[in-house]
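Below is the structure I would like to discuss, written out as structure tokens.
Labels run A, B, C and D following the written order; every chain starts at residue 1.
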Amino acid sequence: MVSASASTEAASPVRLGMVGGGQGAFIGAVHRMAARLDGHYTLVAGALSSDPERAKASAAELGLDPERSYGSFEEMAQKEGARKDGIEAVSIVTPNHMHYPAAKVFLEAGIHVICDKPLTSTLKDAKALVQAVEKSGKLFVLTHNYSGYPMIRQARQMVSEGTLGEIVLVQVEYPQDWLAEPIEETGQKQASWRTDPARSGAGGAIGDIGTHAYQLATFVTGLKAESVAADLDSFVSGRRLDDNAHVMLRFGAKGGRQAKGTIWVSQVAPGNENGLKLRVYGTKGGLEWVQADPNYLWYTPLGEPKRLITRGGAGANEAAAGVTRIPGGHPEGYLEAFATLYTEAAGAIRSLRGGGKQPEGLILPTVEDGLEGMRFIQACVTSSQADAAWTRLEAV
Amino acid sequence: MVSASASTEAASPVRLGMVGGGQGAFIGAVHRMAARLDGHYTLVAGALSSDPERAKASAAELGLDPERSYGSFEEMAQKEGARKDGIEAVSIVTPNHMHYPAAKVFLEAGIHVICDKPLTSTLKDAKALVQAVEKSGKLFVLTHNYSGYPMIRQARQMVSEGTLGEIVLVQVEYPQDWLAEPIEETGQKQASWRTDPARSGAGGAIGDIGTHAYQLATFVTGLKAESVAADLDSFVSGRRLDDNAHVMLRFGAKGGRQAKGTIWVSQVAPGNENGLKLRVYGTKGGLEWVQADPNYLWYTPLGEPKRLITRGGAGANEAAAGVTRIPGGHPEGYLEAFATLYTEAAGAIRSLRGGGKQPEGLILPTVEDGLEGMRFIQACVTSSQADAAWTRLEAV
Amino acid sequence: MVSASASTEAASPVRLGMVGGGQGAFIGAVHRMAARLDGHYTLVAGALSSDPERAKASAAELGLDPERSYGSFEEMAQKEGARKDGIEAVSIVTPNHMHYPAAKVFLEAGIHVICDKPLTSTLKDAKALVQAVEKSGKLFVLTHNYSGYPMIRQARQMVSEGTLGEIVLVQVEYPQDWLAEPIEETGQKQASWRTDPARSGAGGAIGDIGTHAYQLATFVTGLKAESVAADLDSFVSGRRLDDNAHVMLRFGAKGGRQAKGTIWVSQVAPGNENGLKLRVYGTKGGLEWVQADPNYLWYTPLGEPKRLITRGGAGANEAAAGVTRIPGGHPEGYLEAFATLYTEAAGAIRSLRGGGKQPEGLILPTVEDGLEGMRFIQACVTSSQADAAWTRLEAV
Amino acid sequence: MVSASASTEAASPVRLGMVGGGQGAFIGAVHRMAARLDGHYTLVAGALSSDPERAKASAAELGLDPERSYGSFEEMAQKEGARKDGIEAVSIVTPNHMHYPAAKVFLEAGIHVICDKPLTSTLKDAKALVQAVEKSGKLFVLTHNYSGYPMIRQARQMVSEGTLGEIVLVQVEYPQDWLAEPIEETGQKQASWRTDPARSGAGGAIGDIGTHAYQLATFVTGLKAESVAADLDSFVSGRRLDDNAHVMLRFGAKGGRQAKGTIWVSQVAPGNENGLKLRVYGTKGGLEWVQADPNYLWYTPLGEPKRLITRGGAGANEAAAGVTRIPGGHPEGYLEAFATLYTEAAGAIRSLRGGGKQPEGLILPTVEDGLEGMRFIQACVTSSQADAAWTRLEAV
């Protein structure tokens, strides 16, 4: 059995703090598992909840020093920034509307930021955050975790090496079914803020999962959408944000031909748990990848039989091998892909210690990618309001 | 093993003729196998090719009486219409532009017509053909063969019984890859006429396979598109008709809610042989079906595990059982589905013998379905020319 | 779309009779559809049931001339043998114990025989039948229909060309679930005779489907079992024949190494409709094929990614292409594979007309293959009775 | 999205040491990731390699205190046992022949043991180890990691609740292909010791992966094999241990009926990376599970459509939910299943702190399970040497 390791385990782990992610949160626990898996982080501080009782209880559960469990992210940024052994990086895992204010104070306190997606709840905040990151000189990582999957890295390298020829089509779909009924009315926490414009922003499904779909398309192909035509719906009556979106895409021409694509996202399609699927077609071949079965990449060279490339298997390239922990046939999953982003971020943070430089070739999603995602959301919303008129991302 | 038969084999088979389908044709041979499988037809006449030599040779190969191998469909319609033992029905399997003129003369000669899709090459011909059928009182069957698959019949019954609740989403995709290169330039027969506006009409992929996709959606759900927004491309340079189409659909509201959908068809997507896939989502459940694996229908009742309904299996309903020949686990395929249309047509033709009535509950695709398909093609072409503006099917 | 045809349709179809296969029979209808599909046969006579009423009604339904609907196969053989336009071939689709007596009289009447499997109900009958065939000089085809699948032909050619290197392992499984309950006690026709030693012979599942499994293994690999160790069970209480069998195989050494294998057959495994699956492994590669999805063959060259070879697709070889009717992505099924045997038999029968010779390279299952299958059944039964002791096929 | 957490993250992590698992080892890194994922352990000591240089370098890489990087496991057991803050548990991840001597000294030093499988290299050692564990009163966990998969826990609960009725058949297969060529001759580390009787014991594939297959069967069904008939081969010439095994099983009767089964393991089957598959059939239903796609469990109630139960999905039971970290559709993998064993072990270790009792209902694989596995290996080897004679596990 061949074993490639994504990580050298860490003699000097990165000191990490967390904003949000208290008891009952889903994504906070994911970030913590991702940070732990490869052994590059030690969680030492937190402002885990806006509810002081929950914050305290959550911190105790995690074994945090009570002194470093803070009542607000502002206090945490200030005090940790001032400590000699203060946190080097913070994970922001709150609802969208808190990303910007939280990120800003940590960046200003000289602390690197790892932030959940989408970048912010408004395009205005997103633009301001880009400036805040630039000004700070700190690392900012947006956890578009699907880009951490080995087979996605494989696909990216194949496209970039020209294996598929010129790319003409990119099809992404991301159906779910967990919002098929108005569960936000029952107080379900995840559903409540995700269907609330004040906390999520102008996009519902298009923001929550559409940005993943779009980021994946651009990450793998290197293409960016020039314009979109979008038809957004709220199929559940009374819902304030979209729960289904049909989007046609026109990519910027690379050379002569203009690539096209579609994105379908839904949270009301029964039988789909988390059905993210990417298909890329070029003049010389095609690729297919399904997130629920992430260790497989289907590759068809035009005119030849389809091939099943597996993580850790014979057809895996360097990009895939570099983020593979265990041999083929021993499935890695969602947490491993997430952990890869954390591990790569830890590498960058260590390089930056003592004034060092960011490593070459880093492909972690950046604040600019986050801004691109926000433009995508806004362009889709704008287009849909204009009866699906083509809307340029640059224009929003 | 349970065995349900689609057919009572035939003591008095229907006398059939064929226009087109000579040596080298693909779909003609398919129609003949479909006609033979259940034993309800006997092929006795043909105008098998516009090339007299090929017509003759093809007829000989099929064992036709040389007297009944005709040089033109006009001659065939006239002479067979005049014979006491003349054909009762004709299969028209020519390129699209010949469907209308051929169908017209047979209908006028009192002969039932079984015609390949799409209905015609122009919307004008389609409308004229509707009138010709009405005037004739004869049976006209359009071979949208995918609607003959047992699991498609199953899906249709499930939707109509309300198993899925109110339908909100219909997603159809139909990618192929056989036109990824400009094989029409090499003289490949199938490719040549399908990329030629004079023989195919205004639609390329959208006509050839888009009509299948659209027909399947309407057949299963009972919904019709009110309007479409379409983006058509010819990715292969020099190609005169579209080889890829992205279509967003708005269905006519049934009750309160307006269902939406998308259709993606392509003939340039490497790795897809004939990837027709239908997904239907309602407020209570979802269905998925893939033509290449036609004996399976995936059904998810909202909030319950996904179920695999199989042709001939425990979950099959009456609609499926009625067109099932052999037990579950013994796969039926494309030819069987095609044969089901022929068998149902034979039943109707026998009922009509001697002035009888058409049987109740016949769900074979009609000339009106063909006109609907032509409207769909035209609306997509018109929309695409108007930068994907929403275009009403009624308006074309 | 590329189209390869398995058949030149027939100007002079073979005149066919049938023994068994009256109303309510499953396999008789299958044989008739298989005979019709490619247009090489015309069914003109039958002894369709041992029940005279049912025989008559069945014949009427099929449109047989009442004069040629016979009360017994003996009468049929005699009268048809004497007619100038008598049948050239007969299909025998009765329970197993009638195969031998029926085949014998037709062979003696100079009529070719197409016979369902297994060959007979006893090894003694099987040996006698081999002699009867030899003596007659007539064609005898055993309908091991799974060997008609294009992807099985593909696999056979690949093995014979050495693509897999030296074969070391052959794994076949054939689970079903239709006998998981004692439905023979309810009078279910298929179940009744299949669980009755008098009509089926000494083997239950091992005879009914084990022979298919074994034949497929030998057909694809060219290997024959030297000895077997078998553990047979009747899990349903009161059942008189096995409904589950575990068999270990040692193949005859070809060159140095002795290949091994296993066969698992079951009729009591819930969730398996007709789960025939074949896997062949050699020193250079492996193959996998699943009957329920017969258009796919998985091929892995050692040390390379797995490839999906499809019927009609880019990787199909001549053996597959030769029995392919329609393009890739348009699934063919069980009936098409069955029809291929009939079509090949028709070719042979026509060659033999007027004293011609059997065509070269015919690979239809023969009476010797049937005898081999009977030895396999008997060896398994004998082994199981001896506590799974290794039992040589030659020794039974 | 519903989220169930397998763990309360840890305020007071378990102090862990490791024997083996230095640079270049595969399974050591796996154990460390498994120990880290849920945050219940802190690795503080190690005897990471028998090569002192490698031990030192490995320890540095992991950030161990150099004082607690030991040159031998004996020294480590002694010194850690004597420290106030010494390790509470040790992970033993050496080749098989070192399991017993290492485990013994740690148990004697009052340290809990987490040990890789198979238990030992000889049955004699295994029996001695059982006694050593009993004498010590310490926890001993054998990392049969596949039993940590949520869908395996689901299956176990379903069987135990009688959902499948009485179990009649258990089919396990575990094919791989990584030893299809004699890579042990090239010095490949994993291959070298696994094909070396001195380090592995009497079983090759049957020991390395056969024990996983057998353990999984017994874990899910609660059945134990009474006897086996096994045919072991070394297909690669010159190999000293088996690389392929066919095993027929007779389980101990539970109530009236005796269940049967088969196990096939191979390391020479091209196209199989790590193809562990379990199928269990009872009188009322069947289950299927494939390790490479571990988030799915197929369940067929007899006479109903097959259902796809997913980890985190609607059909998941308490046993599955209890070990699920993230929502359905977000795949968990091999490391998560492995981590579940570590997390459960941590729970037990904490309960035992200060003289507490082991928690009720613990289902972690024990030293007795390890002995059962050793009996299975030995019985298979013995049977194979006796031409596959039935061999009782109790008798070896």
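Keep in mind that, in the parts below, a contact is a pair of C-beta atoms (placed from the backbone, for glycine too) under 8 Å apart; a residue touches a chain by one contact, two chains touch by 3 or more.
Quantities reported herein were computed from a predicted structural model and do not represent experimental measurements.
Among the remaining chains, the Cα-based centre furthest from that of subunit C is the centre of A.
Of the two chain pairs shown, B-D and C-D, the one joined by more C-beta contacts is C-D. Work out the mean CA point of subunit A and of subunit D, and you get 34 Å between them.
Separating the CA-averaged centres of subunit C and subunit D is a span of 43 Å. Averaged C-alpha coordinates put the centre of subunit B at 55 Å from the centre of subunit D.
Shared interface positions of subunit C, i.e. residues touching 2 or more other chains, are given as 272, 299, 303, 306, 310, 313. Contacts from subunit A toward subunit D in the complex involve residues 1-3, 5, 8-13, 26, 29-30, 32-33, 36-39, 60-63, 176, 178, 190, 272-275, 291-295, 310, 312-313, 325-336. The touching residues of subunit A, counted against subunit C in their complex, run 299, 303-310, 313-315.
Chain contact summary for the complex, subunit C toward subunit D: residues 164, 168-169, 171, 177, 180-181, 229, 231, 233, 235, 244, 246, 248, 250, 257, 260-262, 264, 266, 268-272, 279, 281-288, 298-303, 306, 387-388, 390.
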